[in-house]
Each structure stands twice: as C-alpha cells, then as structure tokens.
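Labels A, B, C and D are assigned to the chains in the order they are written; within every chain, residues are numbered from 1.
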Amino acid sequence: MARSKLATMRDAIAEHVNDGDTVALEGFTHLIPVAAGHELIRQRRQRLTIVRMTPDIVFDQLVAAGVATKMIFSFTGNSSVGSLHAIRRAIEHGDPRPLEIEEYSHYGLLGRYIAGASHLPFYPVRSYAGGDLPARNPNIRTVTSPFPAANGGTEEVYAVPPLHPDVAIVHAQRADRAGNVQAWGILGPQQEVAFAARRTVAVVEEVADDEVIRSDPNRTTIPGLAVDAVVECPRGAHPSFVQGYYDRDNEFYRSWPDISRDPDALREWLREWVYDLPDHDAYLAKLGPGYFDRLRPVPAMSTPVDYGSAL
Amino acid sequence: MTATSEPNLTGCTPSELLTVVSARCLRGRRRVFAGIGLPTLAVALAQATTEPGIEQVYESGVTGAHPPRLPQTIADAPLATGAECILGMHALFGYVLQGGRIDVGFLGGAQIDRWGSLNSTVIGDYAQPTVRLPGSGGAAEVMANAAEVFVVLRRHTPTSLVETLDFCTSPAPLRARRANPNVGTTGRGVTTVVTNLGVLTAADDGELTLSAVHPGVEVADVTAATGWPLRLAPEVAVTEPPTRAELEPLRERIDPTRVYLR
Amino acid sequence: MARSKLATMRDAIAEHVNDGDTVALEGFTHLIPVAAGHELIRQRRQRLTIVRMTPDIVFDQLVAAGVATKMIFSFTGNSSVGSLHAIRRAIEHGDPRPLEIEEYSHYGLLGRYIAGASHLPFYPVRSYAGGDLPARNPNIRTVTSPFPAANGGTEEVYAVPPLHPDVAIVHAQRADRAGNVQAWGILGPQQEVAFAARRTVAVVEEVADDEVIRSDPNRTTIPGLAVDAVVECPRGAHPSFVQGYYDRDNEFYRSWPDISRDPDALREWLREWVYDLPDHDAYLAKLGPGYFDRLRPVPAMSTPVDYGSAL
Amino acid sequence: MTATSEPNLTGCTPSELLTVVSARCLRGRRRVFAGIGLPTLAVALAQATTEPGIEQVYESGVTGAHPPRLPQTIADAPLATGAECILGMHALFGYVLQGGRIDVGFLGGAQIDRWGSLNSTVIGDYAQPTVRLPGSGGAAEVMANAAEVFVVLRRHTPTSLVETLDFCTSPAPLRARRANPNVGTTGRGVTTVVTNLGVLTAADDGELTLSAVHPGVEVADVTAATGWPLRLAPEVAVTEPPTRAELEPLRERIDPTRVYLR
C-alpha cells in the first residue's frame, strides 16, 4: 500500500515551503491555488521567489503582504477588469519595496517548466527574435541547431534554461491519498510544473476513493510519484473557478482594483480575510452560507468510457 | 483627437463597426486564434455569415468551443463545457501555435509601430516604467507563428500608433529577421489593423498603409491620428457600412446583452 | 458547421497516401492501425518509408508485401513471442529486397515527432552518448547548450531533427465527423505524430455523436484541426487491442512466427487475408462470427465527471 | 556450459531463484521501471514482502497498475484497467524517466560487457547482421537516466557476458562520460546483474564483479561462463536459498499459472 500523503494546508505549507524558496503556484485562470497563497501569507513566509505564468489577484496579495522579493512570470493582469496595483506599485515605484522581476512569454516560461521536468539543459522556442525581452532577461539566449536550415545555412532558435521550483503548488478537482491528481477542464501548466519542482503540494476539492481514481486512469494529470502532499481544501481556488464545482467569482475580480489601488484598503483586506482568520474554513464561513449559490454550475456530466479488459 | 475623426455611423455603434469589419477580414481563413472581446465576436460573426467552417482556438487550450454563455476570459468555465477538445499547454503552444496550424491570430497592445511590432509590456523605461502593462503572455508566440495577425484597436491615436515602441514585446517577423537572420520566421506578421477610423493593411514590404476609412472619416483625420507618417495604399476605400445581415446576428444572437458591444 | 471528414478506408488511403510517401502508423501495442496497413498492401502502394516506434506484425506484412523500401523505428519485435522474420530477412540478407533502416531509441524517435509537431529544428535528448547508434544514424547529433553546466563548463546533449510524415495513420476508440479523436488506455505517440504529419487519417471503432465527444473534451487526444479523414472501421486494430472494445489476440501473435518464418506461408497468408479480400469487413467475416467472444472485455466503466458551468 | 555450473537448488526452480534474488535487491528502492517477465515478478514479490511502497512504472505510461490478470506485454489491456495513472509518452520519457524520477530500471539484452553496457541491436555487423535484434526501445533512455540499473539473465554464458559488445545499444554512464565528457550523466548504470549462476555487483570504479554465487555453484564455474576475466568482490557470498515466505506469495498469488516462472 502506498502511504497516505494527506496533510492539512497548515502542515503542508509549514513542511514544504521555507523562507527564501522558489514557489510556483500554477493554474491558468482555472484552478488557481488561492487558499495556499493565503496560507503562505498567514505563515509570514519571507523572501520567496514566486512563479506563475499569469500572476493575478493572489500574487497581488502575496506581493502586498511582503512575502515575495522576486516574481517570475509571463503575463500579469487581472483579466480584463483592471490592474494589479500592489504589483504595479512595487515594479513602478519600488513601493513599499522593490520587486525583482524575471519575465518571459507564455511559451518561454512553459519551456522552462518543460526543461525542468525533463532534466534538459535548455528548451528551444521560436519566439523572441527582434524583441526587447532577451536584452532584459539573460535567461533568454540563442542556440544553434546541429541541423542545417532549409536553405542550407545555419539555423538558430531561442532557448530558456530549466526551472526547478523548490515547491509547486497546484489545485485540482480531486486526488487519492497517494497523490494521484485528477483534473479536467482547462489544464494549464500544472503537470509540467509538478514534474519540474523538487516538491509538489496538490490542493484538491475532494480526496477521492481509490476506486474513483482507478476507474479513469487517463484522467490522472499528475501521478502520485510526483506529489508529496495532498491537501483537501474545498473551494480553495476561490475567486477563481473549478470546473463542475463552482464558477469564477467575477464580482470579486471586478471589486479587486478598488481594493488594490489603495494600500490601506489592501492592508485592511489582508488583515480581515487572511491574517485574522485561522484557515480557509474560516474564510468560507466569513463569506457566508449561500455565497456560492450563484456560482453553482449546471451539471454537464461526461459520458462514461469502458476501460475493461478480458479475463 | 478631434470630433471630426470619429466615424459618422448611422445605425451602428463603433464596436459593431469594428466587429463587422474584422469579421469581413476573416473571409477565406480557417483556423483563428482569438482572445476575448471584439475578436471573439468577429469570429462568431464570420461563422454566422460567410465562414461557417472557421475553427477557433483559445490560448487556454480549448478548440471547438460551444459555450452555453458568453465567456468572460480566455479560460472561462463555459469555454470548457461542451467543447470539442481541451489540449494541454504544451500541445497548444508547441503543436498548434508554433507548429504552424494557425491562419490568423488576433492581438492587441498599447502600442503598434508601422511595421506591425507590438508593445504590451511597459510605457516608459523597462526598469522604471511609467505604466507596467501585463507583458507578452502568448502574444510573442502568436506574432512569431501565426500565418498572419490582425489587430483591433478601439481608439486610433498617435500614442497607440507610434513611430517607436517604448518596448518591443511582439516583434514583427520582418524585425525578427533583421535582428537575427538565422532564426527562421513563419508568418507575415500584422497584415490588418482595424481601428475606429479605418483599416491599415500591410504593403508588400510589410509597412502598414491606410487602405480604407470608415464612413465620415477623412484620410487627413487618420494620418493626424497616426504617430508615424502614414503611407496610403494605392486606393483608399471607404468602408461599406454594416448590413442588416451582419448586424442582426451580432445583436440578436452573438452578444445580445452587449457584454463586448459596449 | 465543420465539414464531415468521414471516408471509407479505401478512399482515405487512396486520397492521402501516395507512392513514395513517408507514412507513420502509430500505436504502442494498443490501438495499432492494422486494417489501414492491410489497405496499403491491397492498394499496392510502393516505395513507402514506413515509420513506427514499435514495428510489429503489420510492419512485417508491409515489408513482406514489398510496400516499403525504408523503415524508421526504435524497437522492432513481436513482443516476447518471437521474431518478425520478413523484416529480419530483409535486413539480414536483403531478401527478397533490401530494406533501408533508420534507427533511434524510443525517446529519440518520439523527439522527432515532437520536433515535427512543434516546428522546431531539433529536439534535445539525454541519450546516445557513448553508444554506437550515432555513428550509424547521421540524424543523431550533439547540440551545445547556451547555458553552462553545473560545473561551469560546456554542456551538450544529443538532438534529433523534426520528422514530418506525409501521412500519419492512427487508430482510436472514437471520433466525431469533424475529426475530434478520443482515445483512452495506453496512448502511445499518436497525438505527437498526428501534429507532426502533413496529413492525418484517424481510424476509429465508432463515429460518435457530437454530444458524446463534447461531453468530455479532455478525452479528445487529437483535435479535428489536425485530422484530415475519419474512417469508421470496427475491430480495425486486430490482432492488437482497443481498450474496452476487444483484447489483444495473443494467439494470433503467437502464431505469427511460424507464418513469417516461411516466405511461402507468408505470401499465402497475404493472399488469403489481404489481397483476396475486398476490405476489412470481409476480413472480419472470414474470421467468423464469435471470433471476438474470447477477447470481449469485462466492462470497467469510468466514473463520470462534471464539466458544468454556471449560467 | 557444463552441468556443474547449474545451481544446486532444493525446492525451487531457476526462475524462482532469479526472481527472489532480484526482489531482495530492491530493498530500499521506491520507483522501479520494469519490463514484463521476471522483473515484473520481482517487483511484485518485493511489494509483497519487504517493500510495500514500491511504485512501478511501465514504458507504456502506466503507473500504479492493478491488473486484473498477469499482463502479457508492457502495454497490455489489463495494465490500463484500474491503473492509478496513464501518462502520455512525452510525460513518461521526458518527465518520469529523463526527469530522473526512476530509482531502478530493469534491462535485458543479448550481450553485456564488464562495465555494464548492453547490446540489444545486432549480433554481427550492423549493416549486415547475423541476427537482427529488436533495438533499443527505451533501453538507452533507462540506462542514461535511471539512478541504477538491474539486469536479470536467465543464462550466464560467455556469449552473453562478453569482453566486447557487437554493438553498444545502451552505453553505461561511464562509457558515455568517456565518449563525451560534456554530456551530463545521471545514474550509476548497471549496479547489479542477477544470473542463473550468481550475482555481479558494480565495484566503486563501475566494473561488474562477482559478489555471490548461488548454492552449488563454484566461483570457477562463473568465471568460466563469463567472457571477460571476471574480478571477484572482496567477499563472494553464497546466495541464501529462497525462503518459504518468499516462495509462497510468488507461487500462490503472483504467478500461480506460471506464465513467467517457466
């Protein structure tokens, strides 16, 4: 029997994330590990390098809380509803403290994850030529192909080095106790970052029985051999969404710029919604019963498939 | 911007005009990589009118979306519900986009230059920016790999169509080849810019030239609103006003609650 | 509406495969497009370069029938039950004609598919150093990383060039008419080769209603945009297997070495089971009713998942 | 091969002995990449005895297999039924194997040399082979990337344990480093060879040395059956015969129909 990797959010963060670590919190709009980000704030982690292709509200909060000194990313924004002002203040004015940035395009950062996961010294991509990013990021270089170009000449592409986060934190619909993670809907770079990282924490809506996971092995996006801790944290992706569990809280996203623009309001929000609460259960209780009613999906079940074999 | 540079529209809004003109530009195209907003509407309108076979691909990996409601982001829950396929990011960026499967990519940006390079990174200096913008996301990849790129700009101003970008986020293939001739480029870069004043089209040498003005807009209004000395195409047409056959599906079926047709 | 890509096997092969083409028939033990291979033989295609990570019986048949002049592969064998004698005769003695071979390890050939699918000039892999294969295959070269090794020195890895088959042929459980292919169980390199190829033919056990495919979009392994023809051909993977549809015909695999060892017996087998039959339906009829009874799986249905979103 | 070089087994078959000895070598290991046959049995036996936490990974992408019947190939239908995960090939070869997640890989081959390089490609000349063998498959990747490699050989002969390979399919990391010091290597290569005569173990310098003989086998039998001058380990042990606690689960639960215990 594989050992159980179940842990509370508090214990998982305390055990796996150290001050100074490089921590990737992934999820592409869908399945953002927000509750884990709040726990990083609550446990007052320091000097983290935080990594995410698409920094959004939870990264604005991590920066505002002083958890991070560096951010690695490829697109930072609050979708189409306004800016992330804490991040902007830090980058534009070093206010209240500077935030070092290391920037890629999406495929460039994804390539860093893939190279990390694959133990490759670099990953080749066809972007960047002629742009201003390589001059600002020494991790974006060129590599010469050992095969000639179509015209017989030398062919170059750009390349990025492997990224090995100390910790990857991902959110998913479900996992078993051994850490076999199942996710559906938009998948993001979670498989890649989980394999690239030294340690991986999977936060899930529910811990499933072994039989459920094993009834659909192709649904497993990250196998247990790449997972160190499983945290059951329902609604832990709020205000982002979990396909089939709850929809995106667009009202919260729209309300964020007004909070984020005012450092006092943002500090107060962090006090009220993170520091003064012991855990995510308290956050949900504070949102109140019925809060998720308007976000409840209309069910749309998949057609079962048959994994049977002959005896 | 002066009042005279606004198009004189009877019976449609600027957003509707941008959408209709963009949809017309999609004629003959098949696989389209489009963000959320007016490009989504343009693709839906083209599908509803002249190009029923258009296949839309989203950066989030969704292909063949059949959303039960209008999506709010490029990775919104209804895009997944009932979609034909959701690819992983490696397949999306590696196989679909870099693999050369996209005919038209839609891009936006704070600044565009006359050769179709785009800035969505910073206004001001990179190290100490006046305004920090979101950055590339997948824009650099779309520019490098799509067969051609369309840009839709709601506001045609000299600060958005500029002589020199503050930062080049998504270099035009021309610029890429000049910077490093050993890096192969695939597509033509920006071929079409649809703005609230008219349409710019890439000439054979890649320079964006004025090929059409919207009804009521003078050529001089457009050149005045452009940050570089704007070349004119051999013929500058006047945009055909949107027809009822274009506006009806747009208003009644595609964006009836006017989420993006603001 | 997307146009229908449905075609008969005969038409799909006639339209998409030309003499002299490079044709990949993929499937990793599971989902081998055998009926498509037989149709290549029946239509007497010539001078094909045939590609497959794991050439097995159907490649032995293609070589015996004189369809192929070259084979690109990484492991050729009839699992653990004996040799592929037609391939061995061709390689060992040029009998009845030589077969040019181009050989990789699994990850090397997979890397060629990935580079092809990704329009990369090469794909880097950490294999091959010190082995004898690079000296025999000029497509296996070294590339110098633009990033220093851990010790500060130069780091090299091996690299393979992109492969763009003219045609990829894959087998799967089901697809819709637009070519959205769904497969489960062991997936093999089918997604990679479908994207690497100029044209892709998907052979499926059944053409599914749009609603079935759309009820589970993560199950789609190859999207319609990468598929040119959909052929409905039940049991078209026999003697290999289709998870949930029919199991591997191990008796057939065990019987093959005796047929394959004797050129006359092999010629006779091809006449009887391929040339003299008009299509795969006739092949199934010749196997006889009840043939697949012993291969029938015990059902093992997946637990449905919810793809719902809020209105 | 002479009769004296066969082990003198009381109460177990050579296959059972090989399986039991291999299972013992898995002590302390966690993630194992094993083909079908005796390695499968060895992993199952280790799980049933000392190493319940072993995670087995198959080349076909299956991890955490719970097959309802003994699989016939590394990609057999029952491996998928009820498995914990089926990965795509890119994830399996790139992330699991090359990514360095495998503690022990099992490999076979027609020939092995004293440094643990393997040949599974040809006997004779590559261009005109006497016998064409299957080729690498994933063997070169397992050798290059697993932390260590175990080899199980049913027949210990001078033609399989050779001074010089006819072809090097899966080069030992030592050989790889010598050929190209700029290519980083990961693992130790072959650390353990279990044969029908005894056990070879890699010395600190990587050379395979005789560390144990099976009951009834003389050291001289093994050296005579080895194609290179076989070095002896400082102590050459005699294999502890399989115990009832090892043989019972093997015979009664793991391979009761003796598919691989032939």
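To be clear about the criterion, a contact is a pair of C-beta atoms (placed from the backbone, for glycine too) under 8 Å apart; a residue touches a chain by one contact, two chains touch by 3 or more.
Keep in mind the model is a prediction, meaning the values are calculated, not measured.
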Chain of greatest Cα-centre distance to chain C: B
Centroid distance [mean C-alpha coordinates] between chain D and chain C, Å: 29
Chain B and chain D: spacing of chain centres that average the CA atoms, whole Å: 58
Chain A and chain D, separation of their C-alpha mean positions in angstrom: 39
Sequence positions of chain D contacting 2 or more other chains: 62, 68, 76-77, 80-82, 86, 90, 94, 98, 145, 184, 186
Chain C: positions in contact with at least two other chains: 114, 119-121, 126, 142, 144, 149, 155, 157, 184-185, 187, 191-192, 215, 218, 241, 243, 247, 297-298, 300, 307-311
Chains grouped in pairs wherever the two touch, ordered by label: A-B, A-C, A-D, B-C, C-D
Sites on chain C touched by chain D in the complex: 28-30, 54, 73-77, 79-80, 87-88, 91-92, 103-108, 110, 114, 125-133, 136, 142, 144, 149-150, 153-158, 184-189, 191-192, 241, 243, 247-248, 250, 297-298, 300
Contacting residues of chain D [partner chain C, same complex]: 36-37, 59-62, 68, 72-77, 79-82, 86, 88-90, 93-94, 97-98, 117, 121, 126, 128-132, 134-141, 144-145, 167-172, 175-180, 182-186
In the complex, chain A residues that touch chain D: 1-3, 114, 117-121, 176, 178, 180, 191-192, 195, 210, 213-215, 217-218, 220, 223-226, 307-311
Of all residues in chain D, those that touch chain A in their complex: 31, 52-53, 55, 57, 62-64, 66, 68-69, 76-78, 80-87, 91, 94-96, 98-101, 145, 184, 186
List of chain A residues in touch with chain C within their complex: 119-124, 126, 141-147, 149, 155, 157, 159, 161, 173, 182, 184-185, 187, 212, 215-216, 218-219, 243-247, 294-311
